[in-house]
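Below are structures written as C-alpha cells.
Shared between the two complexes below is chain A, which has chain B as its partner in the first and chain C in the second.
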Partner chain A sequence: MRFNFRPQNHWRFKRFRYRTEVLRCANCGTVNVTTRPVCRRCRSRNLQREELPERGRLVAFTTVKSPTEEHKELAPYIVGLVEFEDGTRIVTQITDADPEDLKTGMIVERVLRKITHDGDAGIIIYGFKFRPPIT
Partner chain B sequence: MARIRNVAILGYGGYVPRLRIKATEIARIWGREEDALPVREKSVNELDEDAITMAVEAAKYAMRRAGIDPSEIGAVNVGSESHPYAVKPSGTVVAEALGIPPNFLAADLEFACKAGTESLQMISGLVSAGIIKAGLAIGADTAQGRPGDALEFTAAAGAAALVVGRPGNGEVASIEYARSYVTDTPDFWRRAHERYPSHTFRFTGEPAYFHHTLSAVKGLLEEAGLKVADVDYFIFHQPNYKFPLAAAKVLQIPKEKVEQGVVTHLIGNTYAASSLMGLVRVLDVARPGQLIVLTSFGSGAGSDSFLIETKEGLPEKRAKAPLLDALISRAKYVDYATYLRHRDKIRGA
Partner chain C sequence: MRSVHVVGVGYTRVGEHWGDSLTELMAEASLAAIEDAGVERVDGIYVASTFCEVTNNQAGISALVAEALGLRSVYGVRVEGGESSGLMALMEAYAAVASGLVDFALVVGGEKLSDLLPDEFNSVHSMTLPYDSMGYAGVTPASIAALLYKTYLERYEVPQEFVAQFPVLMHNNAEGVSHAQFPFKVKLEDVLGSPEVAPPLRRLECSAPCDGAAAVVLASDDSQTRRLSGQAVRIGGISIRTDYVSPFDREDPLFMTSVALSVDEALLRSGISRSELNVLEVHDSFSILAPLILESGGFSSRSESGPDVKSGKYSLGGELPINTFGGLKARGHPIGATALYQVAEVYLQLTGRAGKKQVDRTKAGAIISVSGFGTIAGTAVMLSGEMG
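Our next item is the complex of A and B:
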C-alpha cells in the first residue's frame, strides 16, 4: 500500500502522530486512532480524547531491511511493539538504537521524528517513534 | 534595550543527537593536517532528525523543568538557519507536538547563529510587557557545510530551549539586562536555493566575531555597572574551541569562568543553539545567586548579550531532566560515508 502523502490526510492524523492522542471509547474502553467519532468496536459515540503515556515497554522488535519505497532512505530500521501500562499496544519505529541496544521488556520513550517526506518539494511527515530513555 | 524587568527563566533544556564524527575522520578524507583541527568531534543528526525534531526534544526538557502547563505558553520562537521548510513555520509543528493550544504567537527567526538568542530577546520583551505569561525561546540547527570546506569540521546538530516567564514561582534564573550590537558585515551567507553557505575565512574572526562579541559584552557590563570579577560565568558563541577562549583573553576573563560554557570541542558548532547550549551546561552546575553573561554571535553580523542571575529554584528544576553531559556522553561514532548519508550529501540514491 502506498503511503498517503496528501497534506489533508496528515493534518487529520497529526494529533495521533505528534502526541499519540487517541479517542478512547467511554462505553467499551477501545482505543480508536481514527478521526471518526464512532468507536470501531461498539459503535458508541461517547469517545474521549487522551494522550497515551510517553513511556511504555518494548514487547518485541525486528529490523526492516526491505522497506516500502517511502521508507527506503531510513532502511535498515527497527520496528517494535510497545505496550503501555493499561495494556494498549502500538506498532512503532524504534530510533536512536541499534538492535544490540534493545531487549524485550525494556522501557522506551516517545519522541517526535521524521517518518518520511514526499520528495524534495512535498510535505515532511513528522510522527512519534520510541527510543531507549535518556537518563 | 537595557534593564529587563520581571522576566525569569522557568525551565531550560538542551538536546544533542547521539551520533558523532571525529574531526580526524574528516581530515583523513580531505588530506588535512590533524594537529590543527578546530574541534575534537561534532554531533551528527540521525536520518530522522532535523531542526524541528531537535527543537521539540530540547523544549520538552525545558517544559518539564518549568513544570508549566502547555496552555500557559503564549509564544513559540524557533531560531534556526536550517528550518526544514523555506516556507512553512517550524514553530507550529513544535507547539503541536508539545500540546500547546492554538492561542500563541509562532515566529521563526533567522540570523545565522544568533537566531536562538533573538528568540530569547523577543520572548523576554513579550513577557516583560505583560503581553504573554510565558513563552518558549528555542535555537535549533542541523548546520550545513560544503564537503571539504573548513566549515565541515564544525557544522553540527543540536538544540537548546528556554521557558521564559514571570518570576515568583521557584524560577531557575532571572534575566537582568539585555543588549544587542549588530552591523552589516558580510562574513558568511547562504543565498536562496543554495545548499551550502559561503564565508570569508579569517574575516569571520575580526571584524565579525570578535568585534561584535566584545562590543556587546563591554556594553552590557558597562550598562549593568559590573566588572569581569563580579561575574561567575561567561558564555560565548562557539564556532570552534579557540574563539570563545580568545574573546575571554581580550576581556581578561579567567579561563575557569569560560570553560564550563564551552561544548564545541565535544559536539561542534550547533549554530543557533551554540551559545544557548553553553548556558544549558552552565545551568547544569551553577549555584543559586551566581551571575552569568551569555553572548551570542551571528554572522551578517551581530551579538546579543544577557546578564542572568541564577535563583533558588535551579537545583530542584535541574534534576527534572537529563543533564547535557548525559546527552553528550551517549556518543556513537560514524565514518565519513555514513556522515554524508545522514547530512543528505549523497543525492540521486
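Our next item is the complex of A and C:
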C-alpha cells in the first residue's frame, strides 16, 4: 500500500484511467482492459488501441459504506457496473449523484475526477468516473 | 504416484490473538498437527499466508516457521494464491508427497488481520481484486459481492432472504464450536437488520477480519505412521483453476467456471461422483458466494440453492451438510489459513472426531476454496479409510 503513490505507477495506466482506452483484439473482437502483449481470449498479438464510448448503460450499482484506507474520505461513494454498446463491462465509481437519483438501465457518461491523494503533500491521482449525463 | 493421506490436523481458535505473533500462531497449529499425526519427522514445510508482507513486514516466512518448530535445515516454502493460498499450499505438498520428493509434509496456513483498522483491512482485502483496473478506484470486494448479489436477485426474481439465510445456517453450525470466531446463532431478521456494508449486502453477510492458523500433516501410504492404521484420510484429488480476473468479463458473472472445472476435475481424479460426497465446505466469505459456488459446482440447479437450504438439504442431518463448523462466516476467515481449516474440519468428519457436529456415515468430503469471486478456485476431495 505504501508504494501505491509513486507517480509512475499511475502514469503507466494513464490511457485507461484518463480516457478509458483499452485494447481491442483485431482477430476476435475481445476488449482487454489493461495493457498486455496478447489477447486474453485468442492470444492474438494484433491488439488495437480504442477508446470506449463516453456513454454507457448503468447495469447495477451499490454504495460503498465500508471503504478502503485510500478512499475513506469519500465514503459513502457509489460503485457501479457500466455496460457499453458492444457488451464490454467495467466497474467504476459513479459520481455527481445520490443513490436515489440512479436507476438500473439509465445512461451514464464518463467524467475525469480526483480518485485519491497521497496525504497533504503527495501526488493527486486522477481517473475516470461515470455520472448521469448533464443534458 | 503414491497415494497421499492427511494423518493429523491442528488449529488455533479463530479470533483476536493480540498477544501472539503470526509465527507463534502457525507454530501452535503446526505442533498440534504433528502431535495429532504422531509422526517423528517432517521433511517439508508448506506455509500459506496471503498478506504477511503487508501485515507483518515479513518475507521468507517459511524459515521463521521452521525455526519456531525447532526444525532447523528442513525444506520450507511459502505459497500465495489470494484467498486460496491454503489450498495451493496443500496441492504443492500433495504433489511432493505423491512424487516421493517428501515423505512427511507439514502444511500450515496463518493470517493476522485483527491488528488492522477496518479501512486498512478493506485495502488489504482489495488486493485479491485486480488493482490496476479496480482496486485503485476504490472498488472493494464487498462492492463486487453487492453487484453480483443484485444481479442474482434481479435475474432470478427471488427475495433477499434466499441469500441471507446462508449466514443463519453457518451460525447454527458454529454454535458451541470452540475454535469458531462467532460460536452463536443469529436469526434471519438479525442478518437483514444489520448495518449495510454495500447494499444489498449487510454486515452479517460478510466474514470478519480475524487471526488464526491451521495445519495438516500429509504422509504417503509407504510411510509408517500410526494414523495409517485407521485415522488416515486419503486425498482423492485436488484441482485448482484460474479465470478472468473480473467476474464481469466472463460469459456469465453468476457462473464461476473455475469452480465448475475444479469440482469436476477433483472428482474425476478421485474416481467418485458428486452424489457420493457426504460433507462439503464452501467458501462463504460473503453470503452470495455460497449460492454461486453451490450452483456453479453442480450441487444445486441454477437459482435453486435458496430453496435447497430451506428444505434442509445443506443442514447437519441433510443430504449434503455444508460448513459443518460454521464456514467462513461463523468459524471465521483467516485468509491464508481458511482452506486448511476446511481440510481439518472435513478430516474430523471423516474420522468420526467432529463431536456434536458429527455427520453420520461420512465416507467422502470435499472443500471448495475461492479467491476473488472465481479468479482462482480449487477443490480437494477427501476419502475415509473405507473408500481410501
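One rule holds for everything that comes next: the second predicted complex is superposed on the first by the 132 of 135 C-alpha atoms of A that agree within 3 Å, B and C clash if a C-alpha of one lies under 4 Å from a C-alpha of the other, contacts with A are read in each partner's own complex, and residues count from 1 in each chain.
Everything that follows uses one rule, which is that a residue touches a chain if its C-beta (ideal position, glycine included) is under 8 Å from a C-beta of that chain, and two chains touch if they have at least 3 such contacts.
Since the model is a prediction, treat every value here as computed from it, not as a measurement.
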Superposition on chain A - do chain B and chain C clash or fit: fit
More chain A residues in contact [chain B versus chain C]: C
Which superposed partner A:Thr95 touches (first chain B, second chain C, both, neither): first
Contacts of A:Leu74 with chain B and chain C, given as first, second, both or neither: both
Which superposed partner A:Tyr126 touches (first chain B, second chain C, both, neither): first
Which of chain B and chain C A:Gln48 touches, first, second, both or neither: neither
After the two structures are overlaid on chain A, angle v-u-w for chain B, chain A, chain C in degrees (C-alpha centres, nearest 10): 150
Contacts of A:Lys14 with chain B and chain C, given as first, second, both or neither: first
First (chain B), second (chain C), both or neither touched by A:Leu112: first
Shortest span in Å between Cα atoms of chain B and of chain C, once chain A is used as the common reference: 12
Shared chain A surface residues [contacts with chain B and with chain C]: 74, 93, 115, 129
Residues on chain B engaged by chain A in the complex (per definition of touch): 18, 46-50, 52-53, 56-57, 84-85, 93, 96-97, 99, 322, 326-327, 330, 332, 349
In the complex, chain A residues that touch chain C: 1, 4, 10, 13, 16-17, 33-34, 40, 59-72, 74, 77, 79-81, 89-93, 99, 104, 115-116, 125, 127, 129
Interface residues, chain C side, partner chain A - complex: 54, 117-120, 122-124, 126, 130, 132-140, 142-144, 146-147, 150-151, 154, 195-201, 244, 246, 248-249
Partner chain B, residues of chain A touching it in the complex: 14-15, 18-19, 51, 73-74, 93, 95-96, 98, 111-115, 124, 126, 129, 134-135
